[in-house]
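So that you can tell them apart, the chains are marked A, B, C and D in the order they are listed, and the count of residues begins at 1 in each.
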Amino acid sequence: MSYLYLFRDDYSEGAHPRVLEALSRTNLQQEFAYGSDSFSLEAEQLIRGKINKLTAHVHFVSNGTQANLVSFASLLKPYESMIAVDSGHPNVHECGAIEATGHKINVVSGVEGRLTPEAIEETVNMHSDVHMVKPRVAYISQATELGTIYNKKQLQELSQVCKRLGLYFYIDGARIGNAIMSKEGNVDLSTIADLCDIFYIGGTKNGALFGEAIVIVNANLQENFRYHLKQRGALLAKTRALSVQFLTLFKNDLYFENAKHANVMAQELALGIAECGYSFLSATSTNQIFPILPNVVIDALQKKYAFYVWTKSVSAPNNSAIRLCTSWATPESAVQNFLNDLKQLS
Amino acid sequence: MSYLYLFRDDYSEGAHPRVLEALSRTNLQQEFAYGSDSFSLEAEQLIRGKINKLTAHVHFVSNGTQANLVSFASLLKPYESMIAVDSGHPNVHECGAIEATGHKINVVSGVEGRLTPEAIEETVNMHSDVHMVKPRVAYISQATELGTIYNKKQLQELSQVCKRLGLYFYIDGARIGNAIMSKEGNVDLSTIADLCDIFYIGGTKNGALFGEAIVIVNANLQENFRYHLKQRGALLAKTRALSVQFLTLFKNDLYFENAKHANVMAQELALGIAECGYSFLSATSTNQIFPILPNVVIDALQKKYAFYVWTKSVSAPNNSAIRLCTSWATPESAVQNFLNDLKQLS
Amino acid sequence: MSYLYLFRDDYSEGAHPRVLEALSRTNLQQEFAYGSDSFSLEAEQLIRGKINKLTAHVHFVSNGTQANLVSFASLLKPYESMIAVDSGHPNVHECGAIEATGHKINVVSGVEGRLTPEAIEETVNMHSDVHMVKPRVAYISQATELGTIYNKKQLQELSQVCKRLGLYFYIDGARIGNAIMSKEGNVDLSTIADLCDIFYIGGTKNGALFGEAIVIVNANLQENFRYHLKQRGALLAKTRALSVQFLTLFKNDLYFENAKHANVMAQELALGIAECGYSFLSATSTNQIFPILPNVVIDALQKKYAFYVWTKSVSAPNNSAIRLCTSWATPESAVQNFLNDLKQLS
Amino acid sequence: MSYLYLFRDDYSEGAHPRVLEALSRTNLQQEFAYGSDSFSLEAEQLIRGKINKLTAHVHFVSNGTQANLVSFASLLKPYESMIAVDSGHPNVHECGAIEATGHKINVVSGVEGRLTPEAIEETVNMHSDVHMVKPRVAYISQATELGTIYNKKQLQELSQVCKRLGLYFYIDGARIGNAIMSKEGNVDLSTIADLCDIFYIGGTKNGALFGEAIVIVNANLQENFRYHLKQRGALLAKTRALSVQFLTLFKNDLYFENAKHANVMAQELALGIAECGYSFLSATSTNQIFPILPNVVIDALQKKYAFYVWTKSVSAPNNSAIRLCTSWATPESAVQNFLNDLKQLS
């Protein structure tokens, strides 16, 4: 790789070194398979404690698309649908995984990437007869695809409208650590578990080699979930290799440390970019930022750094928004190098 | 775990130590995601070389059920079916994963777990009109679920009948290493690649933490396969973590060493058990053996060792067949302990 | 058509003339659509009365494969399966329609086409963990694909084993009239409704232009069934055109008259064939018979009559079983002509 | 039904009397089943002639949702999607039938219910990698759900953009007769067949008891289509009962007469309503009109006539748009009665 640093995503490295250590340390211990191992039981207990829900079920899978598709295949009857915003991950970036399990996504407009209670209610009201699917679950991701987060009040309102309308509330937590550790954030894991029926805690983007933990809070949704896992190819023989990672991430709060570091690196980048006089597509407080830069500057930066060009600016055709993404692994030196180079070019 | 040793399966441990070492060594190197990393390209090249098929496509997924379901979802039109023996893994032990992608399995009787050319031809002939599904692919696993293997002649005959009838030939290689290294075996990876359209090389059961490599030999089946991977939740952001493992397993033939060790341990067990005067459900030369023991002996052994009781003996109701499974990790001492205990009980 | 008569199936003609009359008589009356018409309400009431189940739900669809696929899509969770005999219609002659909705069929051996309680119990017992689908419904057809029927005791035993094992019991009644009017039969519609959770009454093969009436007896299975109908393309705008037919068929028991006539014609054929000295593949008392004839006789008969050659006789290679199928429309003269021709040839 | 007349839809009656006559006339003629009957062959030939495409394949199914879902299940690979406008029938009013076959609908904004070439191109361009579905077919209905039609130039432009981008072009012709006979229309069946790959001719809404004729123009899409029909429960044993209807509708152009009558009745209604001083939601020239009336007038009219209230007027909260729908069966007296009542109320 000829780049000085990749700011493309938060999964350009392997795992946090302590995660790999734990895999090595437990490696030769014989265990039962398919989630009946001692590590999985221990990790489930640990997560139950963290969210203060002693009857929650926890299942470990290898990636987020899988967590989403298995969950919705489990939650929905054939004629039931999920509601998601236009930029929602399952709507755009999962190659039709939800539809491949037979279910429609009712797409609504997001507000800075967020689903609103009004959009949920309007969607439910519009679907009034047997010719239309029946919305049954509201999907959000915390943080959103645009790097924004839901605050406590927003989550409560979503939770309430779902309850009132008889919908389940699902939270995709691929970047839930970043949302929780955001300086704007005021929700912890336990509050999230209080407000939704089912969510997942993302490992892949926050220090795990890979792995996500699906947490089923609502007891009505727990039965026979493992059949769905098996049927969709999501049940690993060595589930231990996922649960050992979550044990490590949640013992001593490494998970939150990782997320905080990623956020701090992104915000340091944002501050430096703002100081150069540039504005941003949206205000974010997590590990993704979307500065708007002159195209010539972007071209020059791309010789040294990898990142996505997000959107062309309509009002200023010589400028574009880019996405810079940091992770638990981003060294401060990479941030400083980027900012120095930007200053040179500005 | 209070057992002295688990002979339940070949995935009771983590990964071969050299695999974990490689994951650690490459851990912080930044790479592109979703299979565009340098390790995946290198591993694909390495496997292409091993099978002598320079245009084969190689894709890394996390488990065998996933490899099967994604492949058949890709191979088959909605009205097309696969042919498999009654004991075949997708027919019994994948919780309807193939049917969940919309496809029927035409089930035929196996001969010691093996699919026969006659069964394929009969099935195709029976499906003669628009009221019936159209068989389109023959599925086998090498080794079979019963621990037996196909020899070269058997594979050639299956390959020929498939070609003649316009069927694809798919080989599930969850235990392909054990089949290749069997003392009865006379097929290598390259021959397998010559004879089939698509197969997968199992890592989970042979030294990987997890991971299987799908190898698409037939160029007609290669296009857009990655869309299927993504749609079924089988495309890992950190595909690198799979390909690094396969790189390690196939450099210096660690893969074959692992398989050979497992086979040798199983055959050592078999020899000792035979010396105690017991017979076997079937003759196997891989890492699974099925000795028939008195139920009282089985009960006593189960206090120290974990294994599956396979089938009750109809002719001798006080006896049962058990399955003993060894792996790359099985120490010779475990084998000797088991045999000593068996001798005491006999 | 150059044949003197078609004995191929029981749907070679249009509808019973009184059915067409009723369609004409009601034709210009304006009605609400999608089953909210007055005829559908009246037909539902009529059928409820006939089966003595005042809370049953009745839905009209256009064919039997549709009735089956919509019902199973409605009954089953993704990981649940149905049990059927090897010759069962959904297993062989629906082009994978059940699997296309995502569900596995657990195939068991039939006894003269019949499912047995033992086969159900064995199948349920074999499916013991999360790696296997969970059988949830037992499927039979009355009459069976081989023209045989279940008597009351057999149905009661099936019903009991289903209840005991927590399975639904589904009866495909494509030829339910023929079964009920069989001289061996001792079950009426009301008894059938007592013993199962859901069944359908076949119109296509018994005097309707087309149409089947799905009857949902078990109240737990009634909710939102119409969503499934719509989603699978089974909800007709002019459902009236189906319900008017069922109204006609069940007023004055035309349905049972039709079935009886078909049975009588078949049994008259059987008697005449037996008098010529021929035997039968199986003893049937409905509108399908399977005489075993010399191939030369078959060849000669096929010049004047259309019918299916069913199976070659293994013990007598110069003979084959043929299927002769009669219907509400079969004139006695066709039967007599056939028998006369057979006598000439014998 | 206590209404003087239903303007709710164009399927409130049975079939055109000549259609029923033909069913009666052919009723007892014995025929082969599942589309191998002489009427189906003759109807296919007749339609081929009308569209001037001698190699087109024609299949008869019972309703429009079925025609759509079978066609898309046939056209699309699992990861491929269809593009449709937000008001498109499969997107809103088929209860997720397309998604139930596993496929995503890419929804774009319609212009008076019409899909635009720009929207197609933009959608294709946005779907650029393996994380997103691959748009493969553009869906329109002619006439649209809003009663508007595509003129020849618009269809040509859609056809061209599809060809250029490698997309199939599908036309839902539930009301294709009304579109062709619209006084604004300048496309006939033959032109439609020239411009698209596959379309269907709606019978249910234009004089048939029920039935739609799927016409596959593109030879690449013809193979094994009947397997899809069977698998989705769309293949009728007595396909004859559908084809006899199409024979009747297309001999002597009854189909076009029916459509013209419906259009004329709607336009007479529109003229009378405009004369009362009311405006319309959109200008239509087919058999649906959307006048905007005061709510008090609507309430009064609803006591005698059944119709849908379509949308509330935002700018004028005391007014609403209603939908009035006419058919081949609408008598001029019903139109005059309605207009007289409206004049009284205005």
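Rule of thumb we're sticking to: a contact is a pair of C-beta atoms (placed from the backbone, for glycine too) under 8 Å apart; a residue touches a chain by one contact, two chains touch by 3 or more.
Bear in mind the structure is a predicted one, so any value in this text is a computation, not a measurement.
In this assembly, the chain whose C-alpha centre lies farthest from chain C is A.
Contact tally for C-D versus B-C: the pair with more C-beta pairs in contact is C-D. Residue numbering shows that chain A and chain B use the same positions for more than half of their mutual interface. Mean C-alpha positions place chain B and chain D at a centre distance of 51 Å. Centre-to-centre separation between chain C and chain D, using Cα means, comes to 34 Å.
In this assembly, the C-alpha centroid of chain B lies 42 Å from the C-alpha centroid of chain C.
In chain C, the positions touching at least two other chains are 78-79, 94-96, 100-102, 130-131, 133, 227, 230-231, 235. The touching residues of chain B, when paired with chain D in their complex, are 34, 73-74, 77-79, 101-102, 130-131, 133-134, 224, 226-231, 235. Those residues of chain C whose C-beta lies close enough to touch chain B in the complex are 78-79, 81, 92-96, 99-105, 107, 130-133.
On the side of chain B, the complex with chain A involves touching residues 1, 3, 5-6, 8-9, 11-15, 17, 20, 23-24, 26-33, 38, 62-63, 65-66, 68-70, 94-97, 100, 204-205, 209-210, 227, 230-238, 240-241, 306, 329.
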